[in-house]
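Below you'll find the structure, written out as structure tokens, and then a few comments.
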Amino acid sequence: MLEELKQAVYEANMDLPRYGLVTFTWGNVSGIDRETGLFVIKPSGVDYDKLSPDNMVVMDLNGNKVEGKYNPSSDTATHLELYKAFPQIGGIVHTHSSYATSWAQAGRSIPCYGTTHADYMYGEIPCVRCLTKEEIDGAYEENTGHLIVDSFRKMGKDVMAVPAVLCKNHGPFAWGKDAHEAVHNAVVLEEVAKMAYRAETINPRIQPAPQKLQDKHYYRKHGANAYYGQKEE
Amino acid sequence: MLEELKQAVYEANMDLPRYGLVTFTWGNVSGIDRETGLFVIKPSGVDYDKLSPDNMVVMDLNGNKVEGKYNPSSDTATHLELYKAFPQIGGIVHTHSSYATSWAQAGRSIPCYGTTHADYMYGEIPCVRCLTKEEIDGAYEENTGHLIVDSFRKMGKDVMAVPAVLCKNHGPFAWGKDAHEAVHNAVVLEEVAKMAYRAETINPRIQPAPQKLQDKHYYRKHGANAYYGQKEE
Amino acid sequence: MLEELKQAVYEANMDLPRYGLVTFTWGNVSGIDRETGLFVIKPSGVDYDKLSPDNMVVMDLNGNKVEGKYNPSSDTATHLELYKAFPQIGGIVHTHSSYATSWAQAGRSIPCYGTTHADYMYGEIPCVRCLTKEEIDGAYEENTGHLIVDSFRKMGKDVMAVPAVLCKNHGPFAWGKDAHEAVHNAVVLEEVAKMAYRAETINPRIQPAPQKLQDKHYYRKHGANAYYGQKEE
Amino acid sequence: MLEELKQAVYEANMDLPRYGLVTFTWGNVSGIDRETGLFVIKPSGVDYDKLSPDNMVVMDLNGNKVEGKYNPSSDTATHLELYKAFPQIGGIVHTHSSYATSWAQAGRSIPCYGTTHADYMYGEIPCVRCLTKEEIDGAYEENTGHLIVDSFRKMGKDVMAVPAVLCKNHGPFAWGKDAHEAVHNAVVLEEVAKMAYRAETINPRIQPAPQKLQDKHYYRKHGANAYYGQKEE
């Protein structure tokens, strides 16, 4: 069942330790098959060196486990809400990567200070508020998803142009057209978080990059007029 | 004698360089067998690449060496006091890991700024005072143990919920139900110390995570209602 | 065609991940053959593990592709302007290396705080302004080259004595007598950027190294009276 | 000639990249044979992967090359002055290791903030002033040696208890009873420099560790009453 997707989600999960984004089991990646409406996610709390395509868990969008001997990631309900709200998203990743999590703990959005950021993400990476007591007491992980969805809608942000968010006092989620791209964006986020941290230390009166430059770099790589890279065959 | 425990303590010691927690011989792990009241600890000042299960040292809780050709770690008396005072503890580790030691040198407890911390440790990681001249002149390592024990009792902290401490101007001790879990907690401590350092730089007016969120994450992983990970078979 | 140069430029590109200067495809190296006026550059957006001497792209100084199945690096026009303006330059590299890019984002030149810097680079590494809207709307990459060239001429800086520049809100370019030396200088720049960052944190009232010491170290390694290293055979 | 010493000095030099203390050729180690008064040192500007025991250079204490096809390290005269002034020193190392060099650039001595420092080095690691114009114009490297020697004598510091120094705007020298111990001390220095940097960031009002604690840890490892480690056989 969904063998190809399981393989892809497995590989994307294994990229987390490879890129230094996780300690122990502090991360999870999922990918969705939009035709069947089923998504594949890492099992909860299983060590990366014990993962295999076979122990990935298959879920439906009502939150039912469809296949798998393990419990799915404890963050499954957050992934699910994002998949339901944003049909463009094909893969999601959650980590506690060090710099991005530090910004989340600090409760600050990451300003766009340069082209490394603008090449992949349009404008600041928002930090959404901590959940309320009621939201935490209720369906915590689902409410995390609702908060992200509502925040992006209120801010009028396109999730494909801003493919990451920081959850205050928690850490980042990132996403993309598939699980592989989601992890790619999580790596970019960590690099951008690191550079922004250092740039603010070097110049406490730093300003975001001019909008014009942000536009130039974002659209050099995205949209109809992109000219970075090779034409896909 | 205690072959299984020696193997486990040996492996836990070898995890220290693997996780980047030690330079040279700056760390030691022990584990206790509560039935016999004997504990196994790293020999003092022996390089990690010369360690083997066989050169671990076996001690009793009166501080007598029961087996082993080497001197035990110079911090043995501190381990011993913790084992005597807290029967729940099955393993102890001391390191000079870089970020945790920096907090200890700064003389500050590590506030709980996020869920990475709350997932494993309930509330701030306390930094206990430096020993007095008299305590240093006396049984220094034993007095370090007394100070940790007294401090936890005065603060009313559960050692299993706060499985680490910083000794001012010195460095961290961490513990757990066994040697393996003690090292796991030492890794968590170092990550948490790193993120807290950076989060304070990003936002000098940072506040600890709301108590409600700390509770949620701690109890998501601990106690009767935990739902993180897989049921143990 | 230019097989030796392609091999050298390929190797210089492969040194970027080896020295930790790039994430993903965020860097490019070129090298020029001054006799034919042709230069060889990395293809745009191709993963480092898919590079080979054969897929390097050969360009002329009018910006025409002379050989190669791939598109050249999107920064090709910047390289080209530097080659045209400064005949001493034989190789150029662009990266988003972490510390140098942080200085670029902060919009600050890197002062010469010590001999590590003075051994290779004479005086501060300048940070040139961000491009104007008009410059961005026009031939962006070419205009980046013009800006660097004009800035060095206005400042009266010798490009071989100051073999690197920071482009505000973007990142560094470095160069040298060939592609290999360009990458060497990019590594030096990153180390120097890292040390300057930390030195300012340690002492916010820090001053640049005395001019005399800068001169001593620079000329110990460069020019007719250099005495560092071995006589080249 | 001095084959054993050449082997030892070679190995100590190779430990520099192994411990991450050098970039390119930015470091050199020497060791002395006190019976013959000859010392062995790394050749100048030769890559670490081209070093071998055979290309080490043998020098006498008058600065004459006694054996070796290469020029000795450009810092040879500094090593020589230290060997002449302090007969206890058997090995010397110079690096541009990142944190120690940052303190040197900042022009600050490293205070003793904790036991990691006190275990190996007694009291602060001094930063000596930059050389004067006259000293730089003269025998620069020799004058660097004179300055270190004079500074230690004026401060009344025992070179074996304070086995390292920072040269302002330049970087660290460290030493020990032989080349191996010199490199060991250079590693300790870098760790101590890193922790002190972070500790000051965590607590800007930090104070040095109490003298009593510094004494305790230093003498736990050094002198007649040391009890750390194993009795040497």
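A, B, C and D are the chain letters, set down in written order, and residue numbers restart from 1 in every chain.
Quick note on the criterion: a contact is a pair of C-beta atoms (placed from the backbone, for glycine too) under 8 Å apart; a residue touches a chain by one contact, two chains touch by 3 or more.
Just so it is clear, the structure is predicted and the values come from calculations on it, not from any experiment.
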{"item": "Chain B and chain A - chains in contact with each", "value": "none"}
{"item": "Chain whose average C-alpha position is farthest from chain D's own", "value": "A"}
{"item": "Interface residue identity across copies chain A, chain C - same or different by half", "value": "different"}
{"item": "Rotation, 0 to 180 degrees and nearest 5, that superposes chain C on copy chain D via CA atoms", "value": "90"}
{"item": "Between chain C and chain A, distance of the C-alpha-averaged centres to the nearest whole Å", "value": "33"}
{"item": "Interchain centroid distance [CA atoms averaged], chain A/chain D, Å", "value": "47"}
{"item": "Sequence positions of chain C contacting 2 or more other chains", "value": "200-201"}
{"item": "Chain contact graph, described as a line, ring, star, complete graph or other shape", "value": "ring"}
{"item": "Touching chain combinations (by label order)", "value": "A-B, A-C, B-D, C-D"}
{"item": "List of chain C residues in touch with chain A within their complex", "value": "23-24, 26, 43-46, 70-71, 74, 96, 98-99, 101-108, 130-131, 133, 136-137, 140, 169-171, 197, 200-201"}
{"item": "Residues of chain A that touch chain C when the two form their complex", "value": "113-116, 184, 187-188, 191, 194-196, 198-203, 206, 209-210, 212-213, 216, 220, 227-231"}
